[in-house]
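Sending over a structure as structure tokens; questions will come in a sec.
Note that the chains are named A, B, C, D, E and F in the order they appear, and that numbering of residues resets to 1 at the start of each chain.
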Amino acid sequence: MNEVHMDRISWVEYQGRVREEAAPVFLPVGATEQHGPHLPLGTDALLATAVAGGAAGSVAGLVAPALAYGFKSQPKCGGGQHFVGTTSLDAATLIGTVRDTVREFARHGVKKLVLVNGHYENQWFLIEGIDLAMREVQASGIEIMRLEYWDFFTPATLARVFPDGFPGYALEHAAVIETSMMLHYHPDLVRLDQLPDDPPADFPPYDFYPTRTQLVPPSGVLSSARGATREKGEVMASELTRLIAAAVRDAFD
Amino acid sequence: MNEVHMDRISWVEYQGRVREEAAPVFLPVGATEQHGPHLPLGTDALLATAVAGGAAGSVAGLVAPALAYGFKSQPKCGGGQHFVGTTSLDAATLIGTVRDTVREFARHGVKKLVLVNGHYENQWFLIEGIDLAMREVQASGIEIMRLEYWDFFTPATLARVFPDGFPGYALEHAAVIETSMMLHYHPDLVRLDQLPDDPPADFPPYDFYPTRTQLVPPSGVLSSARGATREKGEVMASELTRLIAAAVRDAFD
Amino acid sequence: MNEVHMDRISWVEYQGRVREEAAPVFLPVGATEQHGPHLPLGTDALLATAVAGGAAGSVAGLVAPALAYGFKSQPKCGGGQHFVGTTSLDAATLIGTVRDTVREFARHGVKKLVLVNGHYENQWFLIEGIDLAMREVQASGIEIMRLEYWDFFTPATLARVFPDGFPGYALEHAAVIETSMMLHYHPDLVRLDQLPDDPPADFPPYDFYPTRTQLVPPSGVLSSARGATREKGEVMASELTRLIAAAVRDAFD
Amino acid sequence: MNEVHMDRISWVEYQGRVREEAAPVFLPVGATEQHGPHLPLGTDALLATAVAGGAAGSVAGLVAPALAYGFKSQPKCGGGQHFVGTTSLDAATLIGTVRDTVREFARHGVKKLVLVNGHYENQWFLIEGIDLAMREVQASGIEIMRLEYWDFFTPATLARVFPDGFPGYALEHAAVIETSMMLHYHPDLVRLDQLPDDPPADFPPYDFYPTRTQLVPPSGVLSSARGATREKGEVMASELTRLIAAAVRDAFD
Amino acid sequence: MNEVHMDRISWVEYQGRVREEAAPVFLPVGATEQHGPHLPLGTDALLATAVAGGAAGSVAGLVAPALAYGFKSQPKCGGGQHFVGTTSLDAATLIGTVRDTVREFARHGVKKLVLVNGHYENQWFLIEGIDLAMREVQASGIEIMRLEYWDFFTPATLARVFPDGFPGYALEHAAVIETSMMLHYHPDLVRLDQLPDDPPADFPPYDFYPTRTQLVPPSGVLSSARGATREKGEVMASELTRLIAAAVRDAFD
Amino acid sequence: MNEVHMDRISWVEYQGRVREEAAPVFLPVGATEQHGPHLPLGTDALLATAVAGGAAGSVAGLVAPALAYGFKSQPKCGGGQHFVGTTSLDAATLIGTVRDTVREFARHGVKKLVLVNGHYENQWFLIEGIDLAMREVQASGIEIMRLEYWDFFTPATLARVFPDGFPGYALEHAAVIETSMMLHYHPDLVRLDQLPDDPPADFPPYDFYPTRTQLVPPSGVLSSARGATREKGEVMASELTRLIAAAVRDAFD
């Protein structure tokens, strides 16, 4: 069976995969960010890599080394920059990293590139990085899919994961979805005994600077992760693998 | 025993380690770069992470997620940018990444930061990234050690690794040192059956742009890796762990 | 009665308003972007300015000149960059504009600054611009509220505007909300006879580059604006004025 | 009659004007800057827009939304950055804004672009912004005229406006020319009762940093605006409309 | 007698001059730009350095190495960027060079810094470079004078240099002033036998991009240098030395 | 005989040399940096220019004005940034300067460009500047050689200069090589009576930030310059002229 991780194969093998087999290359983009007392700082990069690996395995693709640092955490989606451990990049740095790596994949002859984003705050800087790169490399014929993996969950799956009704992605930071998926992919890194019992965060319809940290639960968890199970994680992971692989197969033709 | 990898612990645990125990934080900096047909593209990041992990384990330190992409490969030290698989950043991007991450570690309260570089071409951009960060965060009291790990090898070790005489670091790309260390740390990723037999590269005392690719061995290996063994790798790894840990203990006081 | 628009008063008057009366300053941020055949290219800047003006009038505030150019239009929220007339900025330019203007308002002695965003694609670059400025000017005591005006609509209002159920903001580009609000604020600029009858756009759960323009309705309208009325616009405008003014009064104390 | 302002027409109409009628597009560039106690902060943008509008009306052209923020005010031409209300951009930001908007107009198919500058300090950053854009878009066939509007006044007009002799543009900030033109275009925004009686500024043949603010009249007016009249404004406005329109007609063929 | 050129003394001597004697430091800023067939490409840097040297000699100052490359030549003041030999910098590069060198002089303890500009196109980028540096180093107590040397000529001198009346600085590129001064400072570099006889350039009141090169005399000389003499050069040089030295003495107290 | 210095000839002559005679152009890159009490601050630029001049004289080449300011001095190779007099640029500024000047030489029609580096810390920023320029101008056909001049010394010469054995370039800052070469090229600028007697610096195998200045000899000289003679300087200069000229002749064909 084929190795999926680009950093574990030689350039000669990589060249064969990309040029002769037209392998799609997946670039996971994560963050180093607080995820409450029960999930590790690397959650976003670990999940993006795992999701990318699942899909890549289904389409004979390759997974490039993840971007392990992401854009600055915001109170409403990641708790905010006042947490110790959250380690973030300025916009220009993340944009430049995406632009440079896309430029290189285009030089390699990659035609199908998939950015798998696992950190909500990254999205718009990935868009800009891709746009700047495409100004330079569009003639290479590279095509790029960019996705936030949670956008692939079907209503049926959300109904299963949230039997009392899906409250929306707004506060799903270090909560049921991420905890369940970590229980599936990296159970040794989850500390269910540390699940906090903060009430869900309640934010006004605006943002305020400097951050009003009193609005953010001290644990960093925006809504309860109670209800997270390994089985739910498996259901979601399996769906993501299947649907992202299908999207890759369909979209690049 | 303590977990060494920052991305595998929660922010709460990280905070305790950094603020109460004054744990040194190691930031490995690598590259995604051809290393001949026998070593994987991730060699530099894998080795920098492994070396950092060894030292961190000895000093109750933590290893942050590696910077997996580095500065552009040059013919004389990494083969050059014409290889497929080599995936590199512009100077401004790498400088910005180092500046941003140093700024964040300073905010966390890290006082002892160690950048472990595993890719020759990165050195001067790490210097600039640190310098730009220190303009902003010097008052935090953070202190930073930056090292290229190979500068810690003693003459005795080099004599043991190169019984016929150490030819110098100049052409040591994907050659005896890196191959031996990979055989020690990641034996499953080394393909000794793929060792090329190109003669060593012979470069003039200048560089030329556009790159004259005919000067670079087609395999990407600048001098022979014959003579690499797992035992040599173990000797080197053990020495690095010991000497870097000692340097960290001594320097930050 | 007080003039609300900063560009229509002298610096002497402005100084009095800001320093003696502690007037909040509102900075509208818009775009120059296609809004279908029935709305003008300036819709986002016009609406952001009108909303800011309403709230400023209620709290004795001032409205600074709008940022009339915004971040690049994306297919799913603004139709995309392939439309003629859409005139957009790179991320770095928009970020810099926000950073510079915030820095200046801080120098003026403004303590209450409100960024009123009217173009979905701008949000994350406003966040970064504010963050970069705050690194420089936090000691000035300036505080900043950033809002997307549509986040203030109450469920009751949405129920009134969408009697058949609110389909979500996703496709609300040049549709019922914006058309109704323009009918209220700038009826002379709306061409109801030009309302297109494209079916609503149907996007996959990923983005693709280069843009697949066939997914975007040729008119640039992502869902029907049928149902837009001046009365609905008035209801929404009135609610925004009331709620944003209240938020400003409450938040800055 | 044709609408002149781009932000008031739809993209469909704009496309027709630009692609089928080859309409020249005028981009006014102003500032938000103190103009004494008698003129509003928006004077430069208002005048640049008005002048552009006059010429555009004569040549079936369009006026894009003005750049309302300009480069930092200097003591000898705008009073300096110590005035409250003056709201300026760094050079890189203004350069980027011009580069980006020019790039977009070129994409639209605009062949005749006219930058109408109303703020002395902007000039060299407009030059650089255009130069950077032309590196990217020269192949589009776009041609660009850049002008400071005051360079179009004829000696006869200056003699009429300054019956005692034209003292030169050096100190013409918030003085006779701008006040007269504002009396013509925006009489409701001029407060003739607030005309200051500071003596004209007297500057040495060098600049000094930090600014020696004692050299700048406290009102911000560099020479007297006494003698400004609406009639003079009308004469100047009419001349500008005629001569700029003629230049546009002649130059782009 | 004291050496005037910073690059010819050791750091120890420089430190004594700057810290103990409070020597003013002069930074000449020039260009590498066509100056017709009779003057060398280095004219602007040579003249700025010579003028700085004259003044520095009078006030026990030091002259730093000149910035030998300047901003892009414009048709109306330097002929334009289509000339071979003209070697120019982007705005950001020149701004950065000024910011960085000012930052360093401030670190040295320089309190009196004089930028002597010899290339018209540089002016606004020097202003920005100084402004950016002052944000960082204002607390150091450094004060900066920036001057274009030609602004120090008195009416009496201009009357002597131009007996038929001074036509204005507009077309004084490679013409009477620069040629006379080069005849004084660097007579061996002037080729009077190569003086072109192009008629003076005649420019419209706007600029056009791409440059309309037919408006620029093919020699690159914008008005005749006939009338240039070594004696005039000596008069001007002597006046500049005296007046700039006096300004330095007066202004920094 | 041909003038070698570009700034001393007119654009017309330069054009002839470059376009008709295909003259190689040499760009010296130096620094303004402490070189102990016996050598001047301009040593690196003076030597790079002298070496370039020697080679250019042998191949009918031209020497462009030197870049007189270089990258920040590091303790192990130049003493560090804590010395007064050392005047350095940020990485981005030096990179930009190289990119811009290379772009201009390509526009001139230069086909053979040689960057002669005289300051160790510059190397990697020259590499990046060239790389960025080549993205833009590779189609022009320009080819670039980049060299650090000391890499051309033969073992025989080093044996002659260091009769007791060459200790390596590591500490050769302001030591035997540079002092000897300055005695040859600029004897009037060397103060042999000021030779310090600090013992050689002894650095650990890592760098530390903030700089531990106690590791750097207070004089700024990293190893003794005793043993420097004019004759050694002449031998080295003569060898460099011969070998660099030969390399230029050979490489560009």
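Things to note:
Basically, a residue touches a chain if its C-beta (ideal position, glycine included) is under 8 Å from a C-beta of that chain, and two chains touch if they have at least 3 such contacts.
Keep in mind that this is a model prediction, so the values were computed, not measured.
Identification of common neighbours of chain B and chain F yields an empty set. Traced through touching neighbours, the fewest hops from chain B to chain E number 2. When the CA atoms of chain C are superposed on chain D, the rotation angle comes to 180 degrees (nearest 5).
Among the remaining chains, F is positioned farthest from chain C, on the basis of C-alpha centroids.
The pairing of chain E with chain F is characterised as same-residue: of all residue numbers used at this interface, over half are used by both copies.
For the pair chain B and chain D, the distance between mean C-alpha positions equals 55 Å.
Measuring from the averaged C-alpha position of chain A to that of chain C gives a distance of 29 Å. Averaging C-alpha coordinates per chain places the centre of chain C 47 Å away from that of chain E. Within chain F, contacts with two or more other chains are made by residues 90, 92.
Shown here, the protein chains touch around one cycle, each chain meeting exactly two partners.
Each chain touches its neighbours in a single ring, whose members, counted from chain E through chain F onward, are E, F, B, A, C, D. Taken together, the chain B residues at the contact with chain F in this complex read 71-72, 74, 90-92, 95, 121, 123-125, 127-128, 130-132, 134, 138, 143-147, 151-152, 204-210, 243, 247, 251.
Those residues of chain A that touch chain B in the shared complex are 5-15, 18-19, 32, 34-42, 45-46, 64-69, 83-90, 92-93, 96-97, 99-101, 104-105, 107-109, 189, 191, 194, 220.
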